[in-house]
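Below: a set of structures, written as structure tokens.
Next, two complexes with subunit A in common: one pairs it with subunit B, the other with subunit C.
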Partner chain A sequence: MSLRVLNPNAEVLNKSAALHMNINAAKGLQDVLKTNLGPKGTIKMLVGGAGDIKLTKDGNTLLKEMQIQNPTAIMIARTAVAQDDISGDGTTSTVIFIGELMKQSERYIDEGMHPRVLVDGFEIAKRATLQFLEKFKTSAIMGNEPDKEILKMVARTTLRTKLYESLADQLTDIVVNSVLCIRKPEEPIDLFMVEIMHMRHKFDVDTRLVEGLVLDHGSRHPDMKRRAENCYILTCNVSLEYEKSEINAGFFYSNAEQREAMVAAERRSVDERVKKIIEMKNKVCAGTDNNFVVINQKGIDPPSLDLLAREGIIALRRAKRRNMERLVLACGGEAVNSVDDLTPDCLGWAGLVYEHVLGEEKYTFVEHVKNPHSCTILIKGPNDHTIAQIKDAVRDGLRSVKNTLEDECVVLGAGAFEVAARQYLINEVKKTVQGRAQLGVEAFADALLVVPKTLAENAGLDTQDVIIALKSEHDKGNVVGLNLVNGEAVDPQFAGIFDNYSVKRQLINSGPVIASQLLLVDEVIRAGRNMRKPT
Partner chain B sequence: MREIVTVQVGGFANFVGSHFWNFQDELLGLADDPESDPIFKNQRLNMDVLYRAGETQMGVATYTPRVVSVNFQGSLGSMSSSGTIYSEKISARSNISTWFGNVTTHASEPRKKNLFLESLYEEEQDKVRGRENDNMSESQDKDIVECLDKGVEYWTDFSKVHYHPQSLYELSGLWMDSQDFNNYGIGRDIFSEGSRGEELSERLRFFVEECDHIQGIQFLVDDSGGFSALAADFLENIADDYTNIPLLLYSVRSPSLHTNTRSSKRSISGKASKYLLLQDEKLYHSSAVYAAALHSSIIPFRMEPLSSALDSSEVSGAMDVNTLVQMLSGRDRQNIVAILDAAIPSPALSGKQSENTLVMDLQPLTPEVAEDVEDTRAIESMSLLGAIGSEGIEASISEAKDAVHASYEQNTSVRPLFCNVSVSRCPLPVPLPFPRIFGNLIGRKGEILGSPLSDSLPRGPLDVHSVPLATRLRSSSAILPFLERRMGNLQKYGIQWGAVGSDLVRTWGFGREELQEMRENLSKMVAELNPQLLESSDSD
Partner chain C sequence: MGFSMQPYGIQSMLKEGYRHLSGLDEAVVKNIDACKELSTITRTSLGPNGMNKMVINHLDKLFVTNDAATIVNELEIQHPAAKILVLAAKAQQEEIGDGANLTISFAGELLQNAEELIRMGLHPSEIITGYTKGINKAVEFLEQLVESGSENMDVRSKDQVISRMRAAVASKQFGQEDILCSLVADACIQVCPKNPANFNVDNVRVAKLLGGGLHNSTIVRGMVLKTDAVGSIKRMEKAKVAVFASGVDTTATETKGTVLIHSAEQLENYAKTEEAKVEELIKAVAESGAQVIVSGGAVGEMALHFCERYKLMVLKISSKFELRRFCRTTGAVAHLKLSRPNPEDLGYVDSVSVEEIGGVTVTIARNEEGGNSISTVVLRGSTDSILDDLERAVDDGVNTYKAMCRDSRTVPGAAATEIELAKRLRDYANAETGLDKYAISKFAESFEFVPKTLADNAGLNAMEIIASLYTGHGSGNTKLGIDLEEGVCKDASEMNIWDLYVTKLFALKYAADAACTVLRVDQIIMAKPAGGPRRDAAAAAAAMGED
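== the complex of A and B ==
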């Protein structure tokens, strides 16, 4: 009310209208995203105003491309995107879960129930579901090591929701192996150490794992070798270009000679640095047919390139900051900030370095490295759309493997968890709840079923039949999920369908929080825009 | 060759950029056109400084601006963010090779190309088909000018340049209208959120890596709103990654800014020149003036050969970005804020001192600048483009230089300690999509006429083909009011006890100490320019 006093222009929606606005917004967003879910979902083609086309099956990408106006929908979208940021997946599930919670609540509210009661029920159900999840999860550890089969199954489950089956299966190994490659004992997994590089070239099935590094640039000198074997790698962050030092950069040289002298002096100091590198090269390569490659984060100007090329050294400039770290992990040695005290220990090693040119794009492959702790997933595809989709899928796949390694457990997929949790809530938890909050628990339990329902719907199955079949199997004590091909019950363990524990946990945590906030809204005051308009 | 990479961040910055690249495109076109004035053919301005040569995967050679432009999602109008020349034209249906399931299409309403873009497109199609189309009638051009004058919504509406697919970056997933993206706080986490910062740095790196010996980065940014916060983060990133590359920051202020009405009242109309008719509210108009000034001020960086020792008959006074930066900010005063003045068009140069008005005609584009300041320690860099001599013909290099010195001799009160003069005989070409902003005292070659032409309409690209320009960057104490005002506002709204803005700036992520540090920095800048003022400034 006070706001209305402050700003008489504000548009105020009363409680019931506000509530229904929220519910409708949540349902609307759910409608857009729900066809995305699962391995039988629909891919979306977005055509922009300028005619550019984006293809996506990823909820996160889709949300970002949408121009959402409704404040409620924006709130849900932010939660869903945050879900992705935290756990790497589950954007679509979050949106449809929140939508379903709102939808279930609507039924009770229309019958005159107070949202507060529902919200209390949600809270009880949420805690019970999280406890149930702890009991339900499956360990992903075999002895002391992570179970590679489970890692593969988790990755495959994720990838198959984004790519056609055989491509997904091919990428499964790539994704799992790349995470295992960068994993170091007792350290958190840094997925940035897996470089994802793409080339618009050949076909999607040519996507591969490069044990080593692929850089998106090449040498900038015509005489440098395009291919070299047995290479020492110098990773450095040293300027090899002539630049005027600040003190000397005056405008007032008394004469041309003085100016020339100044320039020459500055040039000399750059040359000194180049010479130090060349000395190192001669030290380690002399008398052998080994090669020497310099990968520099700073610039290298043409005169320096010339000097290096004359010595047969391959040099790349302006490498990504992150590649400094990756290179050292892949090839060994260390990244140096100065060439003053170079020792052979600073150098890394790669069996093969070669360049690949596509139009104006150049790629440098650093391969055949010993014991790499960094690697590159090289995505290939005939066009940008294909590449973008594989990239989305690979990101999700990597996250799912990382999550599994960190969670040390997984959750049975294909809707098995949701049905089991629902039965648990209805059969056990609901009884223990006093009064009408029971209905909140029930609404929550039914909302969980949105996952198997949507999976079935997207597969063109009859949702009623499917849900009844699943429920009765669970009542018999069989933990089953949904076979999307024939609509029958299937053992997810047997079918190899696993979801991430942390994704589920996050989903169950955040969904009810947002739904509760939206249900407890008293008034919606639309004031912002009017206030900003000049009066 | 010393390359420059351009970064444009924000709505108005992109408007300015669009005009700026149009000028370059026009210069490129005129240099190739056998019918154009020889002055354009022999301009001795190196376009490679700003442009990059590349090729598409089909092997077609391309020549595109070395620019990274950051836009609001949807602000590219009918232009595709992947540019035009590199795009593959395959039907979308056959593209879906990664998914065998169903496809649904969500199409936004196609944005219609305006008359200008339509005509560009047709022209290109004709070229592809090998058909020379000469019936680009005068009347069609008239319609185009008319159409642009009436409705420019996006900066792409009047752009005739092909951009590289790495150039145009759209901010997606903000879920707000561009009008709501209007304060620093809103833009605060935009750069770091998701992978935006990484993507932007990658795009910049793409252009920088290609440069054999980059001389600098020019960075255009909207001076307030969400983009300013994004730009601040971006700049910090650039400073980390490219420690020794000098950066020229141009902070542009859109005249249509509502949030900041008080300070934006000081608009550029009437200031820019008495010969221009600007409609202030039109970004399309005001951005053209800024772009012209920008073009002129960076001319010295593009002159061939890049050495002040050798002057040709076409250009003189070359220098690189570093030299300019050192000259303006690093001599005996550490002042990092320069004032940009412009005279569009510049007056005819006259040997006779009494008629020489050049210095007086330069008007500051920078707001809140003190006028008639005597600053004996000022440092200036003046650029003259296509200056016209007293007889109405193009002045030679030495004539132009002499005129500048004569002008200062005459107005000794504004004479700086040092002034670098860069002269190019090539005037600013006026491309077709340039707005109609010239008054009826401007002739065909931008000369100022003695008596007004009969038609009272604003004159546009069809009537005025080129314009002589003069701009000046100066490091002078005339900037003091600007700095003092900033400092005063910071104190009044942010630092004082119970200041109205203190909560707001806290939500923007600035603690009290940071604010004090900021004020400290500002007061240092003020003191640098005017040590005596330090004590008395408290009363402000």
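== the complex of A and C ==
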């Protein structure tokens, strides 16, 4: 072979061998992920190098944790991960859709079709499907008062695919409320304003939404209050500890008196800053039983803590940067960088601040705030893998709510869209296409059916029965999806199963692109130096 | 190179060293097997007649115990599914502090029964639905079984405390529960704050001193420190205490200081001023009325000298937490710097004395009046492992006290509750239609393992006991349990064996949760064990090879 002449160490796969390698890899990956799909999907257990356990049903997590080596599989996995980055969901669907496209193509290629023709068909079908999606979507106008029911249905659909039902239903409200909480009119939604905090405590169903903030540290002084009501919150980024000067300085003294004076002088500037805060506290809290809480991004050293504690001020040091932003959104006020120009306007307000100790860990809750624009989802669970699982699911749930708010439309779920699109492609689009590209459209249309098929398979239903039932309903003009409990057709609108529009669009856009690329590969070459030891 | 013509399937796509198990036989059944193995280990330790295990951990430390939490912790379980059970037990231990064995054994039993169901042809997801229904119903029933009147308890009444604590302690130290319970109850009641819900386990300390026997164990109102006093004054009565968090020494600036000396006189004078400064400080402390100085850091030679001169007793407590506890015992406020303390910041102790117990020098700070914040159980025993085991029993007792402070409801002990739950669940299962029925009735059957194990461990005939328990419960005696000493069935209220409702509740819920989690997994993808000590890798390989 010519390549061998150029580089004797290079490896090459030709024509059909290359194609089959790609197809096999795509099918292999599909096999792994297909059991994940849908509410009846099963859980995978990932065991890390250190023996740590991770349980997941989320395609994205699985792809990230599984270190895939096969080059084709990596390509598909990357597309799926990109899908997650853009729309937050639909990773599993992407992988199985690509796998199915490859599988359908294999049939035609084995019969002697040229991949190029199939790819042309894919392109036509893709455009047609996207147009169909525009017609098919159900618009949901999100004004200032978004329809909570729709949001809940979308969130529930996503969450149920990641967690078991009762927990998913509970999280639905949490997720929807938290997104609505941080939503500001005329501004894009920043999901980072939802803090996700976890505690290893009690049960997964104890997960709740905290309107306010939970910080994962506590005050560092034994005499500070553990619980305070009606608190002013000072959010600041002021160093309240002695800091060494940048230049190399030293003291010279000739007796102990002088040294004492030096010790006192050294602390003076820090003490003054602390005094300003105390003055502020006395000003706003004088005569009332209100409390004062200082949350500082920089450090507070023990002597300063002591001073604050004596005044009954709760002080937290070394808060996270992101929490400073969230605190201001949650409690009001503003973050100050200097204590010199402190005014009562800078202060936030919280009805309740308390510390919760769990073994070695301390948590500080800032709750009962007025008009919060930031909130915390507090995840609880008896062990780390449960928490990790909920965390992944919550992230996806948040994304789905955000997508709905931004898309202002949803798509009927439970496989209804896929079946409808397939019927549309076969019955209408295919006829308008000239020549062999028709077969590409057909392959694409059949590949779409993989979603309802897999849903049925995971629920232990008979795939063929289900597909036939769904097709005939659609031909009658009824838009129906699959009821996973009894395998019958159901109207997704009634069942409240809605998917994100952007997820579907992304899926239809990216799937065929990768599949086409893989189909058009006719040579796989591995050359260059292999850094690893040969196995 | 495995590049050309790759085999089909997932294995080929993963990095080398990865393992992939999937499907019913490879994943589910093997996981169940591993969990069963684990639960057979802990099961024999259940109950008062449970056997001890001898565990030698990776540091060659020997444990002789029947405390399941310790056993599974030291076993360093590698198998991922078994690990889920261990995590459930740990959660139970953290949440309640007792009942870890029940969690593991019950989860193991549930899984064992699930295996039978799988062999019968049920799908794991159906078993999960059944088990979920089972646990929800069991929790409902459990609430009905709560002994009426037990929700109101006086957490300061020793008798009531002991009746609730007895079962927990007896399962760890059978035969010695009376002595231990009374010690623990006394210690707990002493430190119980006004609002019992705020009871902190940390306030009951345990000091283990080798020698003597359990009957020599005592309670100290205050603290026992395993250190000697720093100075020569070893005893002080009714003294005020000043606590300094930093060391008792000359002060220093944060920035590096240099003594600038121009002449020999100055050198001489410097030492003098230094001395004068320290003397002034110590004198100020002494004048404030303090007679005991507690330092959180180093005690300077010079400072010590002046302390001796002003007849101050000096103690050094280097642990920050220990120092904090000391502050709580005496009611002192810790000062950061050595300075004249405010009179109100001084603490008070009835007596501080250095004593020698069993060859160990200890400092005992007693505070009989007022100071009710810390109490110490001084445990005596002949060997380290006995002491460790006693300590675990005390810990369980203290944790039980904490649990009862929050929720004092009790259920009948001695397996009476389990049999009743089994009976009621079985009735419920029979009323149910559909495939769940089988899973629920297996769930009910799983409860039988408690009386069975208790009887087995005590050398009784388990089948006979269970049969007579069922007859008793069938005729309406819901409190019928096993009397392990006489080998007959007796009313739990007569024997005065009660279990805490919360302990049972959490143990059952965690166990069911763990069992369902194991059943939900149908694929395992394992990374190559990371590098590290060879022994671990070999052990991991062995653990995986067995499954």
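Keep this in mind: the second predicted complex is superposed on the first by the 494 of 535 C-alpha atoms of A that agree within 3 Å, B and C clash if a C-alpha of one lies under 4 Å from a C-alpha of the other, contacts with A are read in each partner's own complex, and residues count from 1 in each chain.
Please note the rule applied: contacts are C-beta pairs under 8 Å (C-beta built on N, C-alpha and C of every residue); 3 or more make two chains touch, one makes a residue touch a chain.
Quick caveat, the model's predicted, so the values are computed rather than measured.
In the superposition on chain A, A:223 makes contact with subunit C only, not with subunit B. Residue contacts after overlaying the shared chain place A:402 against neither subunit B nor subunit C. When the shared chain is aligned, subunit B and subunit C each come close enough to touch A:68. In the superposed model, A:383 lies in contact with both subunit B and subunit C.
In the superposed pair of complexes, A:242 makes contact with subunit B and with subunit C alike.
Once chain A of one complex is fitted onto chain A of the other, the partner contacts of A:40 extend to both subunit B and subunit C. By the document's definition of touching, both partners, subunit B and subunit C, reach A:302.
When the two structures are aligned on the shared chain, A:163 is found in touch with subunit B, with no touch to subunit C. When the two structures are aligned on the shared chain, A:48 is found in touch with subunit B and with subunit C.
In the superposition on chain A, the residues of subunit A touched by subunit B in one structure and by subunit C in the other are 35, 40, 42-51, 53, 55, 65-69, 200, 204, 242, 244, 249-251, 256, 259, 302, 359, 382-386, 534. Contacts from subunit C toward subunit A in the complex involve residues 1-6, 8-10, 12-16, 18, 27, 78, 80-81, 83-84, 87-88, 90-91, 94-95, 123, 125, 245, 250-262, 266, 269-270, 273-274, 276-277, 324, 327, 333-334, 336-337, 509-510, 513, 517, 520-530, 540. In the complex of the two chains, the subunit A residues touching subunit B come out as 35, 39-53, 55, 57, 63-69, 74, 77-78, 81, 85, 162-164, 167, 200, 204, 217, 220, 239, 241-244, 246, 249-251, 256, 259, 299, 301-302, 317-318, 320-321, 358-360, 381-386, 389-390, 393, 528-529, 532-534. Contact residues on subunit A toward subunit C in their complex (touch as defined above): 11, 13, 17, 21, 24-25, 27-29, 31-32, 35, 40, 42-51, 53, 55, 65-70, 73, 200-204, 222-223, 242, 244-245, 249-257, 259-260, 262-263, 266, 302-303, 306, 359, 382-386, 460, 526, 530, 534-535. Only residues 54-59, 62, 73-74, 76-82, 87-88, 90, 92, 95-111, 172-173, 175, 177, 179-180, 182, 194, 202, 205, 208-214, 241, 244, 258-259, 261, 309, 319, 322-323, 326-327, 330, 418, 420 of subunit B touch subunit A when the two sit together in their complex.
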